[in-house]
Amino acid sequence: MLEIRGITQRFGGLTALEDVSFAIEKGLIKGIIGPNGAGKTTLFNIVSGIYPPTAGSILLESRNISHLPTERRAALGMVRTFQNIELFGQMTVLENVMVGLHVRSRSGILSCSLKLPGHLAEERWIREKAMYWLEFTGISELADIRASSLPFGKGRLLETARAMALEPGILLMDEPAAGLNSRETAELAVLIRKIRDLGVTIVLVEHDMELVMDICDSIVVLNLGKTLAEGTPREIQENQKVISAYLGEG
Amino acid sequence: MKREMVKFLILTAVVLLAPLLFTGGYLMNVLVFVGINTMLAVGLNLLLGFAGQISLGHAAFFGLGAYGSGILTATYAVNPWLAMLLSAGAVALLAFLVGFPILKLKGHYLAMATLGLGIIVYIVFNETVDLTGGPSGLSGIPNLSFWKLTFDNDFKNYYLIWGFTLLIMLLSINLVNSRIGRALRAIHDSEVAARVMGVNARLLKVQVFTLSALISAVAGSLYAHTMTFISPASFGFHFSIELVTMVIIGGLGSIYGSLLGAVLLTLLPELLRAFQDYDIIVYGLLLISMTMFMPGGLVKGIPAGIALLLPGRRRRGEHA
Amino acid sequence: MLNQSPTCSAGDLIIACAAFISHKEVQSTMDISQQLLQYIVSGLSTGAIYALIGLGFAIIYNSTGIINFAQGEFVMLGAVLTLSFISALQLPLLLAVPLAIAATTVIGVIFERLTIRPLKNATPLSLVIITIGVSILLRGIVMLLWGKDTRALPAFSGNDPLSIAGATILPQHLWIFALTGLVIIANKLYFYYSISGKAMRACSFNRRAASLVGIDVKRMVLFSFMISAALGSMAGIIVAPLTMTAYDVGIMLGLKGFCAAIIGGMSSGLGTVIGGLILGTLESLGAGLISSGYKDAIAFIILLLLLFIRPQGLFKKGETERV
């Protein structure tokens, strides 16, 4: 579904990523792990279109999207969540999710200001769908609460609900377990599996090894900007190179 | 949205009936200005409060609309309604083209760029004497008329202006409560996340900038026909700041707030006639204290103040 | 609706003076190269003023990330206060000047303490609005206490023009160049060779890291306001004998100083100075050769073009942003 080919990224004199290549199969959960500074977030930023790569390409269902701006990738069904959750703080929880439906709706400035019938029907549909996704993530009772007043764990769920409202083909999650306690992490695992069961391909960048080994079908390990290893959780756990990368050389 | 409808209907009723209560001619004149300033403040709020983009040069669009209409009707005897259309269209086109490069800038740089733009336009008004009459202004602008009705006194102008103002307010309220309004507020809160959700931030910012300029230009045309005389002094940096003050005092991101801000800042100098020279100081103090202590503007501040006094009121997310 | 009174800027009167003087002195027509030289000289001196004001912007920006819209008011205050001290307190110029600089610095401190320091997580919009509010407030207070008239400061060392290489220079121009030169040297010495100067530079690169190594960031912010207020007031004082001063000269001067800082890429040193000189010269040449009415527009057109095409200024290399 998603192919990363030869991605190299340089910031001035610093090479953050070098010739990173791997594939992500449709409908599976892929994990990207690696010690700090390995370039995981940089890779994510490139894949989600925050900035283009210095070299290499990203192919989404065989289509080269390497230079497409972020908003166009959303239209193609790719969405991501952020490590530090980027919520629309001044809007309510429900409204946040409604923004997720932006690409699936069409009313423009004229139609909205004149409240044309097409717009009204669409608004009702958007509202219903948004409520559905709030229920999916289990936070529907918080619908009218201001997003900025949510505790962190609920904020994470909101971001996920918002991302799902887009009905993505592929969901990129940047450290979704960061800042969650063990109960919340277990609930996260359940939620991610639920999403996978809908047919969504999921890519995770994570530090929480237990979570990664538990839910990922396949894992890629990055170290110092290069791919170190790729395989099933079992294979990765037993890989000598991975172990020494995490524990440091002698 | 029933509540929104009721709110708006009450406002319409107040506006329609107000002149019957105030028989003083001078107050009518002031209320006409309140209407024009409200239009301007609402337009600016869409850009400043909802999309979160700073503009310190909005008086320029107001002036361009005014001079566009003024020159076309006074010098070239074009039909005033047609002139308004042409003028507003031209300003919208200009805003659209300028919007792309200017809205790439953020924060302070955007503020400075819009400031610079406003001043350039002001200088052009002053220097193109053959066209605009320069600092001495442009006179002989005809009143608007519709069929046999000519809008030539404060009473009639009041209804004309407020007709437009209410219409613009209504359209803006509809807009901010819609998909587009959400997209705008999303851009304001987190542009990165908005883009990830598929919002074309760049285009939308330019569209709102254009819309805001369009509203200002229409207000300018109406102003020209109401005053029958315009001069560059009304369209300078000071007025741009005054508009920003109105929006901030009323409440960024609140259409009714802009109305409140416009009412206050238009009436204040009239009430303080005796203290005329103090008005700059008051503006300065208002800007500083509102930004520091009441960032939501009066629209949030007054209910919050009341809520503090009345126990047991729950806070909900609300806008417009 | 507020009216905007016309401002008389430095360049206007320098050119007027120079033209008047050179008309008196040189009976025959001046050839093009002499005219050009005249424009360039006046432009450089105006540019030096813009440079000083621009440095004020850059220094505050570098330590706080804030663009101080009230910088122009510091410039205005320097001249206005000097005049007040001379007329109200009957002080000689020699005493009035340092006193005015000190007073403006104190005002800068009050400004920083009351409005900037309490705001920890203000949005750029809030900061812009607040500094605009302060600028309006200062202007309003001065207008109230001082009136709207324009007045001239006496020149520092007389009004006899000198002729250098065919161009006419007033002694005040020399004062301007001398001050600017001193400021450049002092700047370099301070920021590169003194502990607090280096600390300020550290803050501008990375506030967090600076505070982690023990630099009192709040103090550095205060210093930056003090230095900028002092520089601004000096610029205002030294140019006031040439142009008039009034309560609203700050607006235009501030904006043009900002433009100088943008050209220089917000550098706290030579970049901004060169930026100011370039701006002043271009403005002077434009006014002389093209049209004097649009003179002010020149600076803003340059500003817009720069912001659109190369916001990092002429001298800095482009930076990539890290997310």
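A, B and C label the chains in the order they appear, each numbered from 1.
The rule is simple: a contact is a pair of C-beta atoms (placed from the backbone, for glycine too) under 8 Å apart; a residue touches a chain by one contact, two chains touch by 3 or more.
Bear in mind the structure is a predicted one, so any value in this text is a computation, not a measurement.
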| item | value |
| --- | --- |
| Chain labels contacting subunit A and also subunit C | B |
| Leader among chain pairs (count of C-beta contacts) | B-C |
| Chain closest to the assembly centre - both centres taken as Cα means | B |
| Subunit A and subunit C, separation of their C-alpha mean positions in angstrom | 49 |
| Separation of subunit B from subunit C, taking each centre as the mean of its C-alpha atoms, in whole Å | 33 |
| Centre distance in Å when subunit A and subunit B are each reduced to the mean of their C-alpha atoms | 40 |
| In subunit B, residues with contacts to at least two other chains | 192 |
| Interface hub residues of subunit A, defined as touching at least two other chains | 50 |
| Sites on subunit C at which at least two other chains make contact | 323 |
| Subunit B residues touching subunit A - in the complex, by the definition given at the top | 171-172, 174-175, 178-183, 185-186, 188-190, 192-201, 207, 211, 253, 315-317 |
| In the complex with subunit B, residue positions of subunit A that touch it | 48, 50, 69-71, 74-75, 79-80, 82, 86-92, 95, 98-103, 105, 107-109, 112-115, 119, 122-123, 126, 144-147, 162, 166 |
| Contact set on subunit C toward subunit B in their complex | 1-4, 6, 66-67, 69, 115, 118-119, 122, 124-130, 132-141, 143-144, 251, 255, 258, 262, 291, 293-294, 296-297, 300-301, 303-304, 307-308, 311, 323 |
| Residue ranges of subunit B touching subunit C (in the complex, touch as defined) | 33, 48, 52, 54, 56, 101-102, 104-109, 111-113, 115-117, 119-120, 122-124, 126-127, 135, 192, 233-234, 236-239, 241-242, 244, 248, 277-288, 291-292, 295 |
